[in-house]
Amino acid sequence: MPEAGNTGTSVGEAAVRAPKKQEAVPGLALGLALLSAGPVVILALLIVVLSFLSPYFLTGRNLSNILAQTAVISVVAMGQHLVILTRGIDLSVGSNVALASVVGALSFHAGAPAFLVIAVMVACGAAVGAINGLFYVFGRLPHPFIITLATLSIAKGLALQLADGRAIPGMPDAIDALGREAVWGLPGSVFVVAGVAAVLFAMAKTMVWGRWIYAVGGRPDAALRMGIPVSWVLVSVYVISGLCAGIGAVILAGRTDAGSPLFGNLLELDTIAAVIIGGASFLGGRGHLGHALIGAIMIGVIRNALNLLNVNVFFQLIVIGVVIVIAVESDVLRNYLEGRVRVMQAGRQS
Amino acid sequence: MPEAGNTGTSVGEAAVRAPKKQEAVPGLALGLALLSAGPVVILALLIVVLSFLSPYFLTGRNLSNILAQTAVISVVAMGQHLVILTRGIDLSVGSNVALASVVGALSFHAGAPAFLVIAVMVACGAAVGAINGLFYVFGRLPHPFIITLATLSIAKGLALQLADGRAIPGMPDAIDALGREAVWGLPGSVFVVAGVAAVLFAMAKTMVWGRWIYAVGGRPDAALRMGIPVSWVLVSVYVISGLCAGIGAVILAGRTDAGSPLFGNLLELDTIAAVIIGGASFLGGRGHLGHALIGAIMIGVIRNALNLLNVNVFFQLIVIGVVIVIAVESDVLRNYLEGRVRVMQAGRQS
Amino acid sequence: ADKIKVGLITKFPVPFYSTMEDAAKKYAAAHPEVQLVTGQGQAATDIEGQIALIESMITQGVKGLAITPVDPTVAPTLDKAVAAGIKVVLVDNGIPDWKGQTALVSTNNLNGGKIAGEYLKTVLKSGDKIGILQGVPGVPALDDRVTGMMEGLGDVKVEVVGKGATNCTLELGTSVTEDILTANPDLKAIYAACGPPIPGAVKSISNAGIGNDKIILVGFDACCGEIEAIKSGAEDASVAQFPAKMGELGIDTVVKAIRGEPVEANVDTGAGLVTLQNVKDFE
Amino acid sequence: MSAVPAGVDHAATAAEYPVLAVRGATKRFGSVVALDDVSIEVRRGEILGLLGDNGAGKSTLTKCISGVHQLDAGAILLDGAPTQIRSPADARFAGIETVYQDLALFDNLTPGQNFFAGRELAGPQWLPRGMRFLQQRRMDAETRVLLANLKVTLPRLDAVVAMMSGGQRQAIAVARSTVFARKVVILDEPTAALGLRESRQVLNLVATLRDQGNAVILITHNMEHVVELADRAVVLRQGRKVGELVPTKDNKQELVSMIVGA
Amino acid sequence: MSAVPAGVDHAATAAEYPVLAVRGATKRFGSVVALDDVSIEVRRGEILGLLGDNGAGKSTLTKCISGVHQLDAGAILLDGAPTQIRSPADARFAGIETVYQDLALFDNLTPGQNFFAGRELAGPQWLPRGMRFLQQRRMDAETRVLLANLKVTLPRLDAVVAMMSGGQRQAIAVARSTVFARKVVILDEPTAALGLRESRQVLNLVATLRDQGNAVILITHNMEHVVELADRAVVLRQGRKVGELVPTKDNKQELVSMIVGA
């Protein structure tokens, strides 16, 4: 509940001596504010370090590039985030992007107008998501890993079959526009990401459905007992994850002016990593949509910097691994320090 | 505890009217025995179907091939199984196989004798596993996903760097022998798999350590409170998973007479799928080593049959997905039927 | 003096592209006025990785770019490079219907496949059974090698009895060969669309107890243990492309284009068949 | 401490037929017979004590009524009509609220979010349930009123339930059931983890629920509470119903013998 | 039911200095002060009742003693010597057994496996602990004896604990602590979910633990149990120690006022 920390004490009798805000120690408070800003801090640190390493890093053009490069991971990671919130996993997102883009390209070549092509891609993504969700829930599968692994394989096979193994060039102009610069030097895709983030954020925060997702992730059996339609909540997150994959396909299609069965290679690992770097837990019910976004951008920033620094691929793999560990360990440290500072602050005030 | 079902009632007073074994209804009992045989049944069904589809499927040579082809997945899946029992995941196994094989090949070319080459590969695998475990536990990471994703990347990069991106042909003869036929038309690798399975099975069943794994997976906080050295149990399963990857590298090196940085591609997904098809749960504490083995063989059988039937590559992906779903759904159905039959049986006897 | 900054982007870490990169670096070392920036994707299918690489090359202000494009999907990003005044030279394979390039430095994979097909035509007859070890599903350059081979066979109508994806890896080369041999004891030939699976195929054939001379094995790339296999007689032939030549000529063409010198639109780096007879020349 | 209304008065005000009746309930888990031909009924404005030793089948019976388990045999009648209760949602929809023995709290949510889980105050009404917008202000306000009424002391309202003490958790679970009580309220050992004051408050609450016209099923091991509140008591032993009587101070010992079977 | 030994006699037999003493214990969770300068001590052969309303800090105090939490300030003395208890393993090693309020059972293990979790009977002794071989037969036999002594009724010994009733689970958790009790036994509301007979058995068990020379800390909300068993009672309120006295039938009301702070 979005209330101030000490409202609770007004209920019944004061159970604890709540710290009074005005007594806060300035130094500590500042440190605490910094520390509790979370993954953002780690991202900021990363950016500072990188801007020293490469003169190109902080140029407007490069920042715009980074946003364009992370657009797909970002959108898909947000869907993945919802799935992980319910203790699930969606391995099919990458293939789903590929299939949706191929289906979109085919429909364009069959003469569909731009809006229809977009609708077809998004619907195709959502359909794969629906299959995941429905099989998982109503097929009583023990874990979504299996069904999403199966659709990973099936969607990839279908995409290859439909496209006859090749990329299909050509996309309506409205979609291509997403890859071009739009406003403030930013590509159109960035605004799509922002839009999706805003909508999902609003839905998760203000709608009953959002509350249910946390309940289902927190304790599925209790959610059932409380009469929450657990099955449908679960189906819904897979549909939305698929939908996000569909939107990812649109963005990628705009960026490449094509649909391709090779799209989305290893996207499942990237998006899951983004979500986990962002601080969600596989045990469900914990995590914040915005952090998943930051996780995605962090991955994009690292990749971009390695390219700028002209690091060889072999070495890139090593560096990416090391940086991911450092990023997560910094977050662990940050969390620990935050806890310590809070206790110190409480101690001084009491 | 390996006791008969109704010992419990001898304690204190009889709480329930336990079914008496001798009254068992023969028809039901047979059905129940069949149903409760678990994943084996599904595998058997699969084999029956496939032997109708291809005349070559049931030939001795092909069965020997299947075992050889699944040797690596099987060994690595057993390590993965232990990790998943503790609610973890090991994404690094594939890269680990690659790195171990490369390190082994390099040590062979540097003049090491066969036993040393094998030791180097296994040790290299275990070392990567140890890094996973130590970072996860003592780095206080929220989930092993991150660190094993990082070592996936790092080990791959290292392997590529060390091997300069190419396969390194040449392995000592003792290792190559694993790829050749040994006894009864079976390749040596099959006996390695059997040996590893026997040792791990015995360890998990008869050693305190095995019990601890189930306790840690069942409820980590309680395990800590009961004084179980949770940290070391966790580290141990990652080390063993890495060790299994090292053994997998030995087998693969024997099969191909080379070490290669491209080995083990997507092995993490295959082994996790094997474990889950085998009936383990991501929520930890449940599952059986033998079932993971069956899951691995099931995947191998499907791939083999598709090759035998000359199914087109694109279509293979689709079929693999569909068959995986069917296999798991059959298991769900089997479980359900088993429960029903048990209740029926209890009903008739009371 | 102002250095000429050029970029080279190759597909992914396999020996073929490493050789290309090495040759380009050697060229740069011999020409001090050329500053070379290299980049490589992570996998044969790493479209987004390649796009990101092109974008960072633009950011770094290269004047020219030599690239082995994954597939047509990178065209719009290359358009951006062209719009930024960068000379783009495609290496190894082209992009159908894309006109932005200054030049194409390649051997045609289709033609390479034809060379293999023509060789097979001399040793096979209609009705013979052949198995194919495909590369990575969906990678056009690799698919072309198979298509080309079939074209090369011309009027010899062989029966393709087994086709499997190897992802150009050793391990899958082994398994897929095993299974094709199991299902087709009377197999006459195996053709592989890339080099890495070949040693695996060789091993499977010998494990199955089939003599060297019983099965014709033809590969592509002449890399990754193929030379040894040809020398031992286990492999009968392989199509060699010349990645070093591609790397060198690729950079050379870019540099010339930047300097405003005339360049050929199509630079053919050629392909040849490696057999036991001429294998010495390829070591 | 407020005075406790005497329970027996209210039996008279009960409606003609029972609001909830269970007939011939049987439930097996594998070879364990948890319920064996058990029948109970409870009327509006009545508190039924459900007694029995550990493992007697009390929780199983309540879970069958609240839709968590399905009966193997037997019927559940609501207001005299046989009703299929296929899921907890069915039960809640039919007006049956349950405080489970394991509390069924969401550790990752705040007390307020727990109260309204599955019954969020939201609008507009014409939207499907899941898509309505949360009326956070109203829920916060009601949470505060509710806790104040129950006199439950919580350290903070915006902390998640995971960090609360055992008794605080129990109090939250009981409070939750009162929010939507309409017809039948089942409480499975609601005072087990509670302190003196909190126990008293919950007992008062049970009486209030009864006074509001609910039929209440109260499971407890505490004989004092049974005598004080229950209008009737049903005793289970090893899955069978072994007795039913009106508990008074004087037949307490009889009840105890029934429970332990001696 | 066996006769309950009168508790007070045993206070006399207690050793000179306390086997466990906590001095000035303070523990904060964020801004919540769960313990504020609490000192207690308990001797061999003595039962210390630890009382207080929900959220008073009882469980927190026991968790600090058994190594689950670390004190922010204060010291723990074992046999008079200041001891650092850094982990539950430390505590168990030092001879402190705990029955947690949330039971800390492994749902996926059988009762017997639960009893011996972390203390498996295994050999040979020269191997490191984790690598010893389980002596399954011995553990099975001891499990049976243990359950028979406690007169706990379990449906089957080879079923996992997940399926047991609330009271059966509690009984298993209490039984577990008795297997290895050597010095100090802490029981956090051990009878909360128990039926009459089972409660009686647990109380007898607590007395037995005391008679065996353990120092016992018993947390409960049940005044009868406190009066019956405890040699001394310490009362916490809002994290502070507000009183300590020898509980008798006559000062029960005094205790209650201390607890609720009225």
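Going in written order, the chains are labelled A, B, C, D and E, and every chain counts its residues from 1.
Simple rule for what comes next: contacts are C-beta pairs under 8 Å (C-beta built on N, C-alpha and C of every residue); 3 or more make two chains touch, one makes a residue touch a chain.
These are the chains along with the protein names UniProt gives them: A, B = ABC transporter permease; D, E = ATP-binding cassette domain-containing protein.
Predicted model only: the values in this text are computed from it and were never measured.
The fewest steps needed to get from chain A (ABC transporter permease) to chain D, moving only between touching chains, is 1.
Chain centre most remote from that of chain B (ABC transporter permease): D (centre = mean of CA atoms). When chain centres are defined as mean Cα coordinates, E lies farthest from chain A (ABC transporter permease).
By count of C-beta pairs in contact, A-C exceeds the other of the chain pairs A-E and A-C.
Here the CA centre of chain B (ABC transporter permease) is 36 Å from the CA centre of chain C.
The geometric centre of chain B (ABC transporter permease) is 46 Å away from that of chain D, both derived from CA atoms. Look at where the CA atoms of chain A (ABC transporter permease) average out and do the same for chain B (ABC transporter permease): the two points lie 31 Å apart.
The set of chain C residues touching two or more other chains comprises 13, 137. The set of chain A (ABC transporter permease) residues touching two or more other chains comprises 5, 15-16, 18, 160, 165, 313-314, 316-317. Counting partner chains per residue, chain E shows two or more touched chains at residues 32, 55, 153-156. Looking at which chains touch one another, you get A-B, A-C, A-D, A-E, B-C, B-D, B-E, D-E.
Note for the complex: chain B (ABC transporter permease) touches chain A (ABC transporter permease) at residues 91, 135, 139-143, 145-147, 149-154, 156-158, 160-161, 165, 269, 272-273, 276-277, 279, 281-282, 313-322, 324-325, 328-329, 332, 336.
Put simply, chain A (ABC transporter permease) touches chain D in their complex at residues 1-13, 15-16, 18, 206-212, 214-215, 217-219, 221-229, 232-233, 236, 285-286. Per the touch definition, chain D reaches chain A (ABC transporter permease) in the complex via residues 66, 68, 87-89, 91-93, 98, 100, 104-110, 112-113, 117-120, 122, 129-134, 136, 139-140, 144, 147-148, 151-159. Across the interface of their complex, chain C is touched by residues 56, 59, 61-62, 65, 68-69, 72, 160, 163, 165-167, 169, 176, 179, 252, 255-258, 260-263, 265-266, 303-304, 307-308, 310, 312-314, 316-317 of chain A (ABC transporter permease). The part of chain C that touches chain B (ABC transporter permease) in the complex is made up of residues 13-15, 18, 134, 137, 161-165, 167-171, 174-176, 178-180, 182-183, 196, 199-200, 203, 207-208, 223-225, 228.
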